[in-house]
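Attaching a single structure in C-alpha cells format; questions to follow.
Letters A, B, C and D name the chains as they come in the text, with residue numbers starting at 1 for each one.
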C-alpha cells in the first residue's frame, strides 16, 4: 500500500537522519528519501486516478482526487527543494552560518515536516489532521530559528506562539465538531472520520457547526496566513533558511488551506447557506488587498515574496469562497501554480542572496551580468507569479477574475487595484535586481538551477496545455469541493 | 433537574477551573502562576477521572493519568527549574492593569456563556453548562497571553488554554477518541520541550525572557 | 466634353497669364493709396523676364531639394488654378480634386517652400520657415472651415457644384457665408503674405515671413516662386469670387455666356485687388505673436459660420 | 491569391503555420547565438519571408468566408480557438506587409550588435510578431489574452534591450505596468461577456444577450484596456518613453503595428462580440480621440528627440483612429449605415497608412541614429547630403504623415473629413453641433502634423550639420534601404490606388457595419456616396502635377541659358555663417510651446550674460504626470503606510488581532 510508504518513508528518514548526523552525504540521503516519497506518491496518484477515491486502514486514511494531487505536489516540491538545499546548505556551512549539529537538525526535521504534511493531507480523521498540523508547526519552528540569530529567534517565537494559539482554537473547533457529530454517529472513533461526517453532514447541528467553523477558520486560517492572522508569516519566511521558506510558502500554506476546505465542505452541507463561502471571500479579499499594499514597502526580497504568498493565498481563498465548478477548479489550479512558482522563486532568490551576502534588494543588482541563468530564472519566475501569460498562474487568475466579474462584480475593483499595486511593487523591485549594471563579481560556483527551471517549465506547460488526466483530476476535486 | 453527586462535583471542579483562570489572570509572580497552573491541571485531572468513573468511559482514565503526569507534575517541575535557572520570577506589570483585565475577563465569561447556551440546550451529555465554562477558560487564557509581557508567562497562558480545551473535550464530549488524545498529549509534550530549548536560546541572545526585546521585525 | 477640356486648359492658361497682372494691379493701387508714383501694370512681367535671364547663384551646400522645390511649388499653384472655376463652370478635371484636395495642394506647396528655406541652413531661412508653418497651422484649418461652410450649404465639396448651387439656383441669403467671408479674408491675407500678417514689401529681415524663406533664391528659381506667389493670389481671389460673388460664371455647357463671364471676372478681380490694397493701406502690420490670435479668430469665425449654418439654415 | 479562395480553411491553417514558424525561428535564434551570420542572413530573412506570406494570407482571407480552427492546447474545457474572418485578415495583412519591410530593414540594422544579445533579441522579436498575429487570429478570450500578454511581454524585453540605461529600465517598467493593468481590465470585460458557464469562446459571446447597462460596462472596460495599449490620453504616458527606448525596428513595429492591435480589439469587441451598441459610446470615443490627437500632436511639436517626436505623433494618429471609430459608432447607432461604412473605411485606411509611414519614419530615424549615434535633433542637420537615400525615402514618409496629396495619409484624412461633411440629419441635434467642432479639431491636428513633420525633416536632414562629426555620417546599408523602399512604395501605392484599396477593405466594412462603402466614381476616381458630392483622383492629380512640372522645366531650360554659380549663402550679407545660427529643434517648437503653454510644464535654463559657455535648454514635460500619476503614487504610498501599522512587531498585538477576529466572527455568526 503506497499510503504507508508515503507516510513511513519521511518519518523513517527523519529518524535515520537524526541518527546519521552529518557524517557525509546527509544531503544526498535527504534527497533520496524525498525521491522515494515522490515515487510512492506518484504510484498512489496513478492508482487514484485509475481507481477513484480510496479508504485505507479501517477508514483512517482517505485519499480522494483532491488530496492526492496535493500529496503528489507536496512530494514533488519536497524533492526539488531537497535538491536545491544540497548545494545551498553546503555553502551556508562554508560561510560559517551553520554547524554540523544544526544541519543534522535541519535534515531530520525537514523529513519529519514533510511526513507531517503528508499525514495531514491523507488522514481521514479531523483529530489526526489537527495533530499533524501541530506536528508540522513544531517541526518547522526549530527550522525557522536555525541560524540562531536574534531576528530568527524572534521570528520563530512569533511563529510558534501565533500558530500555536491558532492551532489551539482549531482544536476547540474540532471538539465542537465531534460534539455535534457524536449525537449523529455516536461516540467513539468514527465520529471524527471525515468520510462519515461528510455522509451525514446534512443532519449535523447547524448552530454548533457555525461555531466550529469559526474556530477552525481562525485556527487553520492563521497557518494559511489570512489577514489579519498573517503576522507571523513574513517574519518566518524572511528569517528562516531559504529552503524552509520555499516549503513553508509552497506547501504548508496549501495544507492548511486544505484543512479549511475540508471543514467548509461539512459546514456548507450542514447549514445549506453560503456563510462559510462569504467568510472565506471576505478574508481572501482582505488578504489580497492588504498584502498588495504591504508588498509596496518591502526592502527585503524574501519578505516581499512572503507577502506575495499571502496575496496569492488570499486569491485562492477568495476563489474557493466563491465556490462553483469553475472557481474551485481555478482555486486548485492556482494552488498548484503558486506552489511551483513560488518555490522556484525562492530557489533563485536563495542563490541571489547567498551571492550578494544580503537580502536587501538595493544591494542586489544586475544578476543578468553575474549569472545570466540565475537572472533569467528570477525574472521569469517573477513574471510568472505576477500572472503574466503564457505561465500557468495566469490561467488560474484568468478563471478567477472572469468568474468574479460575473458572479461578484463588487469584488473586482479591489482585485484590479490589488493586482495592479502588487505588479508595480514586485516588478519595479525585481527589474533592477536582474537588469542593469552591477558591482558584484561573477558567481564563483554554479548554482543548482535545475529545480527552478523544472518548476517554471511545468508552470509554462500547464499554462498552455493541461493533460487530460490532470484536468479530469482537477475537475473531480473541484466537484468534491462543492463545485 | 438533579445531577448525581459525582457530576455535581464535576460542576464544582468546573467552577474551580474558572476561578483558577481568573486567579492566573491576576497573578503577578511567575512562580505563583506556575503553582496555579499545576492546580488547574489537578482539577482537570480530577474532573476527567470522575467523569470516567461515573460514565464508564474507560479511555478517559488514560487521559486523566496523562494530565496528571504532564500538567501537574512534569511541566510545573520543568517550569520551576527554568525559573530558577533564568531567575525570571518577577513579572513586570502587565500591559493592562489588573482590574481592567478582570473586567474584560468577566465580560468574556458572560459572552462565552451566552455563546454556549444554545448548544448546551441540545447537549446529549449530562454535562451541559461545562462547555460554556471551558470556552470561558480558553478565552481567559487567551486574554492572559495578550496582556503578559514575559515569554514564560505567555507559554503558561498557552498551556492554560490547552487545559480549557481539554476540559471541553472531556466534559462536553466524554473525551475525544483515544488516538487523538494521545496525539494531542504528544504534541503538547513536544511543544513544551521545544519551548524549553527556546527559552535558553532566547535567554542567551537577549539576556532576558522579556518580550519587549522581540519587537525588531516590523514594517518600518 | 472636348469643349470642357478646352475650357479647362484655357482657364488654366488665363490664370497663369493673368496672375502677374493682378499682382501688378494690386501694387499699383497700393502705390496710389500710399501717394507714391505707381509702377506700370506690367512690372511683374518685366521682373519675371529679368529674373529668368539672370545667372543663378546657389549656395555651396544646397541640396537637390532646394533646386527642385520651385518647380514643385509652381506646378502646385497651376494645378490649384485649374481647379477653381473662374469663367466657366464645367471643368472636367475638377472632380479629380475637390476643395479639401485644393487645401492639400496649398499645403504641399507650402511644405516644399518651408523645406527649401531650411535647406541652406541660414538663420533667416529657418526663421521664415518656422513662422510660415506657424501661420499656416491656423490658417489652413480656418480655410477648411470656410470651405466646409460652403460645402454644407451645397451638400458637396466639388467647387463647380458649389458655384452652381450658389450662383444658378434660386437666390438665398446665407448668414453663415458672411462669417465665412470675413474668415476667408483673414486667411487669404495670411496665406498670401499680405498686411496685417506679413508685409510683402518689407526690407527688414526680422519682420519677414514669406520673404525670409526665399532670400537664398535667385534667377529662374526666384522667378518661378514669384510667379507661383502671383498665381496663389489669383487663385485665392478666384476662390473668394467663386464662394461669395459667383454670379456671372458661365454655367455648364453654356458657351454663349463666356464673354460676359470673362468681363465679369476681370471686373471682380479689379475690384478685389483694389479692396485688398485698400485694406492693406488701412491696417498696420501685426507683431508676429499677434498673428496666431488674428488667425485663431479666423478659425473661430469659420467654425461659427458652420454652427450658424446648422442653427439657421438646416 | 484570390483563385485559392475556394479552399478558405487552408488560409487559416497557413496563418497558424506562419505563427508556428515565427515561434520556431525565435527559439532557433536562441540556439544560433554563436554565429551572427546565421542570425542576420538566415533567421531574420526567413522571418521576413513568413511576414510576406502572412500578408498574402491576409489579402486572400479578406474575401474568403470565415474559417475556424481548434488547437489541442489551452485550458481543459477551453482549447485555443482560431478564426480568420475579414477583420482579422485585414489586420493580418497590415501586420505582414509592414513587418516585412521592417524585418528586411532589421537584417541590415542589427549588423552592429554582438551576437549573444542579438540572439536574445531575435527570440523576442519573433515572439512579438507571433504574438501579434495570434491576437488577430484568436477566437476565444483565453487565447486572446495569452497572445495579448505574450505580445506585451516580448515587446517589453525588446524595449529593455539596452537595460543598463536607467531611463530605459524605467520606460520598460512603466510600459509593462500599464499594459498589465490594461490587460486585467480586459479580463474583466471578458468576464462580463462570458455567460458565467466558463465558456469563453467568442462564438458564445456573440450569442450572449446583454442589458445596455452591462454592455456599457463591458465597453468602458474594453476602452480602458485597449486604450492603455493604444496610448489613449491619459493612459499614454508610457508610449513616449517606451517607443524611443527600443531599437528602431522594434519602435517601428510597436508604433506601426502593435498599436493597431488595440484598434483591432476595440472593433472586435464593440461591433462583433457585443450585441448592442449605444450612441454615447461613440460620442465618448470621438471626444477622447480628438483630445488624444491634439494632445499628441502638440507635444510632438515641442519634442527635441527625434524618436520621442515620432512616438508622440503616433499618439496623435491613434487619436484620429479613435475619433473615426467614435464617429462610426455614432452613425451606426443612428442607423446611417452608409456613413458608418464611410468612416470605418477611413479608419481602417488610416490604420494601414499609419502602419506604413510611421514604420518608415522610425526606421529612417533608426538609420540616422545608426550613422550618427545621435537622437537629439539639436545635434543633427544637413544629412540629406551625406545619406541621400535615407533622406529622400524619409521625405516620402514625411509628406505622407503630414497628410499631403497625392500620398496615402491624405486619403484617409480626406475620407474622414468627407464623413464629417456628410453628417447633417443626425437624429440627436446636439451631434449636429458637435460634428463641426470635431471636424475643426481634426483639421487642426492635421495642420499641426504638417508643422511637426517640417520640423522633423528640416532639422534632421536639411541645413548645415550642427556637429562636425556629421560630415562622416555613412549612408544606410542596402538591406536598410530595401526595407525603407518597400515601406515608401507602400505609402505611394496606397496613396495612388485608393479605389482598389477601398474595394479590398470593403469585406471588413461589410462584416462590421452590414454594408460597404459605395464608390460612385470609376477606377481612378473615388467618390463616396455620389459623384457630384465629392471626388478625388490621385493618379490624375499626380499626372497633372508631373506634366506641369515637366513642361515648366523644359520651358525654363528653353528661355534660360543655364549658367549656375555656386557661392556662399547670402543670408542678407551676414559675413560669417555657422550652423548654430539655424533654428534648433527647441527653437522650431518654440511658437507652439508659447501658444499651448497651458498644457505643459516648461522647464527652461536660460544663460545669464556672464556665462562662460552660455547654453539654453528648454524642456516641456507632460503635465498629466503631476495632475494624475503622482497623486495616484502618493495615495498608494499613504495606503501602504496605513497597512504597515498592522505589522509593528509586538506579539501581544498580533495575538490581539486573532482574538478580535475570533470574537468578531463569533458575534457575527451567533446573530
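By definition in this document, a contact is a pair of C-beta atoms (placed from the backbone, for glycine too) under 8 Å apart; a residue touches a chain by one contact, two chains touch by 3 or more.
Bear in mind the structure is a predicted one, so any value in this text is a computation, not a measurement.
Counting hops only between chains that touch, subunit B reaches subunit D in a minimum of 1.
Looking at which of A-B and A-D shares more C-beta pairs in contact, the answer is the pair A-D. In whole angstrom, the spacing between the mean C-alpha positions of subunit A and subunit B is 31.
The distance from the centre of subunit A to the centre of subunit D, each centre being the mean of the chain's C-alpha atoms, comes to 44 Å.
Rounded to a whole number, the gap between the C-alpha centres of subunit A and subunit C is 78 angstrom. In whole angstrom, the spacing between the mean C-alpha positions of subunit B and subunit C is 101. Of all residues in subunit A, those touching 2 or more other chains are 157-158, 161, 165, 169, 211, 234, 294, 297, listed in ascending order. Shared interface positions of subunit B, i.e. residues touching 2 or more other chains, are given as 115, 142, 145, 154, 214-217, 219-220. In summary, the structure contains touching chain pairs A-B, A-D, B-D, C-D.
On the subunit C side of its complex with subunit D, the touching residues are 52-53, 55-61, 63, 65, 71-72, 74-76, 78-79, 82, 93, 95-98, 100-101, 104-105, 107-108, 110-111, 114-115, 118-127, 129-131, 133-134, 136-138, 140-141, 144-145, 148, 151-152, 155-158, 161, 205, 215-216, 219-220, 224, 289, 292, 299, 302-303, 306-307, 310, 314. On the subunit D side of its complex with subunit A, the touching residues are 72-77, 141-142, 145-146, 149-150, 152-153, 160, 163-164, 166, 169, 172-173, 176-177, 180-181, 184-185, 187-188, 190-192, 194, 196, 198, 200, 636-637, 639-644, 646-647, 651, 654-655, 657-658, 660-662, 665-666, 669-670. If you check the complex, the residues on subunit A that touch subunit B are 125, 127-128, 130-131, 134-135, 138, 141-142, 145, 148-151, 153-158, 160-161, 164-165, 168-169, 171-172, 174-176, 178-179, 182-183, 187-189, 191-192, 205, 207-208, 211, 234-235, 238-239, 294, 297. Touching subunit B in their complex are the following residues of subunit D: 644-652, 655-656, 659, 662-663, 666, 670.
Within the complex formed with subunit A, the residues of subunit B that make contact are 57, 115, 118-119, 122-124, 131, 135, 138, 142, 145, 151, 154, 158, 161-162, 165, 168-169, 172-174, 176-177, 179-180, 183-184, 186-187, 190-191, 194-195, 197-198, 201-202, 205-206, 213-217, 219-220.
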